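Residue numbering begins at 1 within each chain, and the chains themselves are lettered A, B and C in the order written.
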Amino acid sequence: MELTINGVVHQIDVELDTPLLWVLRDDLGMTGTKYGCGLAQCGACTVLIDGRAVRSCVTPVEKMAGASIVTIEAIERDDLGKRVVTAWVKHQVPQCGYCQSGQVMAATSLLRQVPHPTDADIDAAMVNLCRCGTYNAIRAAIHDLASGSTDGGA
Amino acid sequence: MVNGLFDDAPLMQQEPVNLSRRRFMLTSAGAATGAFVLGFGLPARQARAQAAQGPKYRGTQVPALLEIRPDNTVRLQSPFIEGGQGTFTAMAQIVGEELDADPSTFLVENAPAGDEYAVMDSGMRITGGSMSVRNGYPAMRRLGALGREMLLQAGAQHLGVPVSELTTQPGQVVHAASGRMVNYGDLAHVAMDLPVPDPASVKLRDPSQFRWIGKSVKRLDIYEKSTGKVDYAIDVRIDGMLHAAVQHAPRLGMTVGSIRNEEQVRQMKGVHSVHRLPGAVAVVAERWWHAKRGVEALLVNWAEAEPGAASDIRVMPADFSTEEFRKHLATVSGKEENAETRGDVTRGLKNAHTVVEATYFSQYVNHGQLEPPSALARYNPDGTLDIWLPNQAPDMFRADMARRTGMDAEKITIHSPLLGGFFGRHFLYDHGSPYPQAIALAKATGRPIKLIWTREEEFLRDALRPMAAVRFRAGLDATGRPVALDVVSATEGATEGLGTKRGKDLDPTALEGLTNKAYDIPDRRIAQLFVRNPATLGYWRSVGNSMNDFLYETFLDELADKGHQDPYELRLHLLRDNRRLTTLLKAVADLSGGWKRGPFTAADGSRRARGIGMSSPFGSEAAAIAEVSLENGRVRVQEVWEAIDPGKVVNPAIVEAQVNGAIALGLSQVLLEETVYENGMPRARNYEGYPILALNQMPRVHVKIVESGEKMGGVGEPPLPAIPPAVANAVSTLTGRRIRSMPLSRHDFAS
Amino acid sequence: MTNRLKKIFAVVIPASAVLAAGTAWFVTRLPASSFEKTGSQGEPSAQLVARGEYVSRLTDCVACHSVPGGAAYTGGLKMVTPMGAIFATNITPDRETGIGAYTLADFDRALRSGVAKDGHRFYPAMPYPSYAKLSDDDVKALYAYFMKGVPAVHQENRKSAIPWPLNMRWPLAFWNVVFAPSGVYRPDISKDAQWNRGAYLVEGAGHCGACHTPRSLAFHEKGTDSHSAAFVSGALIDGWFAPSLRNDPNTGLGRWSEDDIFRFLKTGRNDHAVVFGSMTEAFNNSTQFFSDDDLRAVAHYLKSLPGNAQRDGTPWQYEPTQAKALQPAGRQGIPGAQTYMAKCSFCHGTDGRGQGQWVPPLAGAASSLVPDSSSSINVTLNGSDRVVAAGVPDSYRMPSYRAQLSDGEIADVLTFVRSSWGNRQLPVTNGDVKKLREQTVPASSSPVILKIH
C-alpha cells in the first residue's frame, strides 16, 4: 500500500493491521517516533495525522491510505512545529528526551486547535507521559508559544 | 572494579560501523562535520604509555578522553552516561572551563569500557548514586587543564615562541605579543604526539574566574532531543541486523518445558527462527513487529524451577503475593542487626514520658523508564563482539559479558547510547537486561540481533525497589519532644538484594534515610531485620532514601502530633545545633511564604494543608514543603517548595530541572505507584495497571538552591526523598488521618 | 488466572423442587441412552476420532474441562455459584479419575442427560440441556475422540464447595424433568438444510443459548429453539452481557450481514465488533475451528431469528454531534469527555467509530446500546483477554483501566460513550461500577490458549 509521510509517498508491503509505529521504525527507518508501551498509554509514539495527534502504536496502517502523516523528522518543516521546537529549546524542556518526540507532536496538535491554550486546555490535551517529570517545562513552553513571544526565528 | 582488568582494551572503535545514522550523538550546533576525523584518537596502549601516572591522578589519559577536531569542536568521551540528568553538559562545562573551550563546542558521548575512563576516586566507573559531577569534578577539571597544557606546548612549536608567552582564549592559543592566534583544531595533530604533562604540575583556574561552571549553560542535547534526532539503544540499526522478541517464563526460575506450536510459529510470515533460552523463548524476524507477534503466539509449557535453582537465582514462588508479604514483614521476628546506636535506647524509652509505637510500610515500585530495554549484539568476523545497550556501568557489563561468553573482555566492545530514562534501571541486574539473550541469539543465528523487550516483558523482569515494614518506637519527654527512638526495619537492601547471598556487613542502602539523621535524638538504635525478598531487587532513584525518608519523616510528624508540637518548630528544635540544615529548613519555609500548616481555605475555596519533609541523601541536603487538597476523595498536590543544598553547583538550570524531575517521581511514588504481585506474578504488565504521574497531576514547583559551599553533593537523586513525606504529612494534617504507607491512592479520602 | 468464562450461571436449586422430592426410584434411575444395547464397537477409526475432535470444537468441552497451563481435559476450572464453588471434572480416559471406564451409553447419559456413570446428576453448569440435541453420530464420534484422541491423565477431581443440603444433587432430576428438553435435534422440514445445520449448531452443539438466552428464576434458559422469542435474545452472565443474537438492529445482529457474522466467528472481528469478554474464549477455543460451511450455516440461521422492535427501539443512526464536545475547551465541561479523549479516543477514535475491523466502534455497538451496562463497565475495568485467531494473538488489545480510573470516572466516561454518536442515553452509575469492580479481576495481557491434546 501507499503511505504519505512527511509529504513523501512510500510503498510498503505489510499486513494491514501492522501498527503505523513499526512501519515507521522498521520499514522506513524513521526511529524518531518512539515505542514506549504499544498500548496507547504513554504517547511516545505520537505522530500527526491530518494535523491531529495520533498514537501510532495503536494505528493500523490500513486506515492510513490517503492520510497525511507527519512525524517528528519533519516537524520543523511545519511553521507551527518549528515554533514548538524553538520553544522546547528555549525552555530546555527535555531531560532523557525519550518522550519528547511525542510531546512536541502533541503540543503542535494542541496549538493548532487552540492557539492560546489555558492551563486547563494544556491539562486536557497534554496527556503524554514523561517519566523524567518535564511537565512544568512543557507547560511553560506552551504558554510561551501561546503568548506569542517565541517565534520561529528566535 | 579491578584495575588492570581491561588493560588491553582497544580505546576507541574506529571502524566505520554501518550505523544508519550519525555515529556520534550529541552533535552540537556547528559540529556537523559528518566525516570522522582523527584528532587525538590514539590506541589505548599508546595513550596509557603516555600517561603512566597511576591511579593517584585519574582521568589523565588525555588522548583517550579528548579529541579536538579541525573544526575546533571538542569531542569528549564522558565516563558518565547521559540519561537526562545533564551529565554530558556538566562534563563539557567542567572540562571546557579548564581547557578553555566553550561548552557549546563540545561533542560528548559515552566512553567505551576501559580503565582510562575510571575517573572516580573509588577507581570504579558507574553512573549512579548522583556521583558523576561531584566525583568526576576533580578529574575532569584536571583533564581539561592537561589538555590545555598540551595545546599550549603544541602552540609553542607551531608559532616558534616559548610557551611562557602563550595564553588561551576559548578555542584558541594566543600569542599576545605578536597578536597571532591559532585554533585548537589546527594544533591537535601536533598536540597528539606530545607527552601528557605531569598532573601534579597543572594549574587549575581560580573558581572566581569561572565562566561556565556555576552558570546555567544551555544543555548540549536539547535540540536533538526535541526533534527526535537522538538514537537511543532501541533506535540503533546496523547492516544485516535481525530483530528479536522474547516471552519470559511467568515466574523467574521456571524453564522452557516444551513448545506446543513451534513449527506453526516458524512458518509465520516474517519469522526467521524460534529459540529456547534460559527461562525464555525468542523469535527472530526481519521486523520486530513480526518477532513480537511470533513470540506471543508461542504456546510454551513452562516447567517449574529445578530444586536447587534458588542457589543461583531468585526463584519466584508460585504463591507469592505482596499483600501477604507485607503482613509477614510486619510480624516476622528474628535477628535485629544494629546499624546505628547512640546513647541507650532502652533506658531512653524507659524513662520517656510517653512511648509511641507504629509500623510503617514501603511498597515495591517499578522503574518505568520510558525506553523499554533493548540490546543489539553483533559478532564480527574476527571473533570480537560489539554490543549496544543502555547501561550505567560499561566495565561491569563488559566483565559480565566476558564471564557469560567465556570471551576475553578486550574482545568485547560496549556502545552505550543515551538512556531513555534510567532511574537506576540500567544497573547490572541478573535477568534484568536483554543482553545475554541478544548475545545468545546473535551466536545462534550468525547475524546481528537487536532484541527489544516489550513493555509487558519489562514489567515482568524489572528489578524492584525493596519492600519494608519499619517498626518504630519512640519516647517523648514531658514537653512532648522525642528523646529516644528505636527503629527496626524488616527488609532487604537493594545491594544485598542483587544476588542470592548476603554480604558480611549490613547493606547501607537498606537503612539509609533511617540512619545518620541529623535530628538530635540522644538515645537511638536503628536496626535491620533481614528478610529475603522473593522478587529481584534493584536500585530505584534515591535508593534507600526514596522509601526510608518517607517512613522516618512521616513518623516524626506522628510524634509531633502525639507530643502536641508543630512539625516545623519541632524540626528546628531537633536541628538547633546544625547550621546548615537550619538554614535550609528556614529557606524552604521562606520560599513558601512562611511556614503555615493549615488546614486553611485557599483562594479557590478548596481546603488545603501543608507538610514538611527533609532528607540528606547522596552528599546533599534537601527540604520540601508540599501543599495538598482533596478532589473527589483523591489527593491533589497543589504546590511544592523545595530547597536543596548540594554544597556547590555546576549548572543551576540543570539542578532546577533535576529537582522538578525528582519531585515528579517522588509524587508519583507517594500518590500512585505500587507493584503488586499475586500468584507469583506482577499484576501490572504495562502502564495500564501501573499508573505514573501525568501532567495534570504535576503541581507548581518552586526551587531554591542553597550553596553552602560544603563538599559537593549529588543532584539527580537528592531532591526526591523529601517529597513523599511532605505530601503524606500534609494529607495527615488535612484529613486528620495518619498515613503510614504509600501510595495514597490506596486510601479513599472521600469516606 | 483470569476471569475466563465459566459457561455457568448461578445454579440455584429452587426450593420448591426440593420440597417436591419424589421417590428414590425416580431420582436415582438412569435415563435411557440410545446406545443401551450397543456393545463395544472395537477400535474406532482414525477418521471417527478426527470427527470427534471436530465435534469437541463445536461443543467447546475444553472451555470448562481445562485450565490454562493444565493438561488437556483434566478439569479443575472453578465455577463460582452463589452457593459455592464447583469444579469441572477430569474427562480424560483415565480409568480412576477420568471417564476411562465409561461405555458409550454412560458417556451418552452424561453428555445428553447430565447423569454420571455412578448416577449422580450434574449441575446444569454442564450444558447438557443443549447437548441433548446432539445427533447419535456426533455423540459416537465424540466418545471415540475422548477415548482414543485424548491422552489419559490421572488427576483427582476437586470436590465442590457447595454446602449440604444444597450439595444434594438428586433434586436436579426434577429440574431436568421440568426444564431440560430431551431428544435430539429434529430438522424443521420447512427450512433448508443450511438453516437446519445452523439450528443444530446454535441450539445444540454450540450451546449459544447457555450465555445468550435469558434465564428464569429457576435458572433454566427461557427458550431453547427458534420458536421462542427469548432464545438468544441477550443475557447477563458472569459480569458480561451476552448480547442478542437475533435481528435486533441495536442490541443484536440486525445490522450485520450473514457474511459479517461469518467473519466474526471465523476471525474474531469485523467492522461492527471484536470479540471481547466471555466470547473471547468461545472464539479462541471453539468458533474459529468450525468449518466454513458450519459457520455460514450458523450465520444463516441466526439471521432468520426475528428481532423485537418494541424492545430494541428505533434503529440506531450515527450522529456526528459529539465532535465539538471533544475539543480541548469543550470537553472540560462534559463529564467523561476528557477521560474519553485521554484514554479511549486514541484507539476508538474521536468519532467513536473505531478503526475498521481492528479496533471496534463504540458508536452503535451493541454494548453501547443495550440497557445493561455490565459489558461496557467490565471491559473498561478489566480489559479483555487476547483474541487469538489462527494461532496469532491480536495486534491490539483493550487495556484494563481499573488502576487508573475511579468508579466515578468510569461511570462518567461510559455515560458519555453511551450517549454520544447516536447512542441511547443510557447512563452508568458509580454503584454499577463499584459492584463489578469488586466482583471481577483484570484480564491477562498474555494470550491464553487451552490445550486439547
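Convention: a contact is a pair of C-beta atoms (placed from the backbone, for glycine too) under 8 Å apart; a residue touches a chain by one contact, two chains touch by 3 or more.
Computed from a prediction, not measured in an experiment: that's the story for all the values here.
> Answer with line, ring, star, complete or other to describe the graph linking chains that touch.
It is complete, because no pair of chains fails to touch.
> Going by the touch criterion at the top, tell me which pair is linked by more C-beta contacts: A-B or B-C.
If we tally the contacting C-beta pairs, A-B comes out ahead.
> In whole angstrom, how far does the Cα centroid of chain A sit from the Cα centroid of chain C?
Result: the chain centres lie 42 Å from each other.
> Nearest whole angstrom, what separates the Cα centre of chain A from the Cα centre of chain B?
27
> So how far apart, in whole Å, are chain B and chain C when each is placed at the average of its C-alpha atoms?
50
> By residue number and range, which residues of chain B touch two or more other chains?
Only 686, 688 qualify.
> Multi-chain contacts in chain A: which residues touch at least two other chains?
In chain A, the residues touching two or more other chains are 18-19, 39, 41, 124, 127.
> Would you pick out the residues of chain C that each touch at least 2 other chains?
395, 399
> Tell me, which parts of chain B touch chain C in their complex?
So the residues of chain B in touch with chain C come to 247, 250, 260-261, 264-265, 268, 293, 296-297, 299, 301-302, 456, 632-634, 679, 683-686, 688-691.
> Quick one: which bits of chain C touch chain A in the complex? Just the residue numbers, please.
Residues in contact with chain A: 327-329, 331-332, 338, 341-342, 346-347, 350, 355-356, 358-359, 395-397, 399.
> Per the contact definition, I'd like the list of chain A residues that touch chain C in the complex.
17-19, 39-41, 52, 54-55, 58-60, 62-63, 110, 113-114, 117-118, 120-121, 124-125, 127
> Within the complex, which stretch of chain A touches chain B?
15, 18-19, 22, 25-27, 29, 31-39, 41-42, 44, 71-73, 75-76, 85, 88-89, 92-101, 104, 122-124, 126-139
> Show which residues of chain C lie in contact with chain B when the two form their complex.
Touch residues, chain C against chain B: 1, 69, 383, 386, 388, 391-393, 395, 399-404, 406, 408, 442, 445-447, 449, 451.
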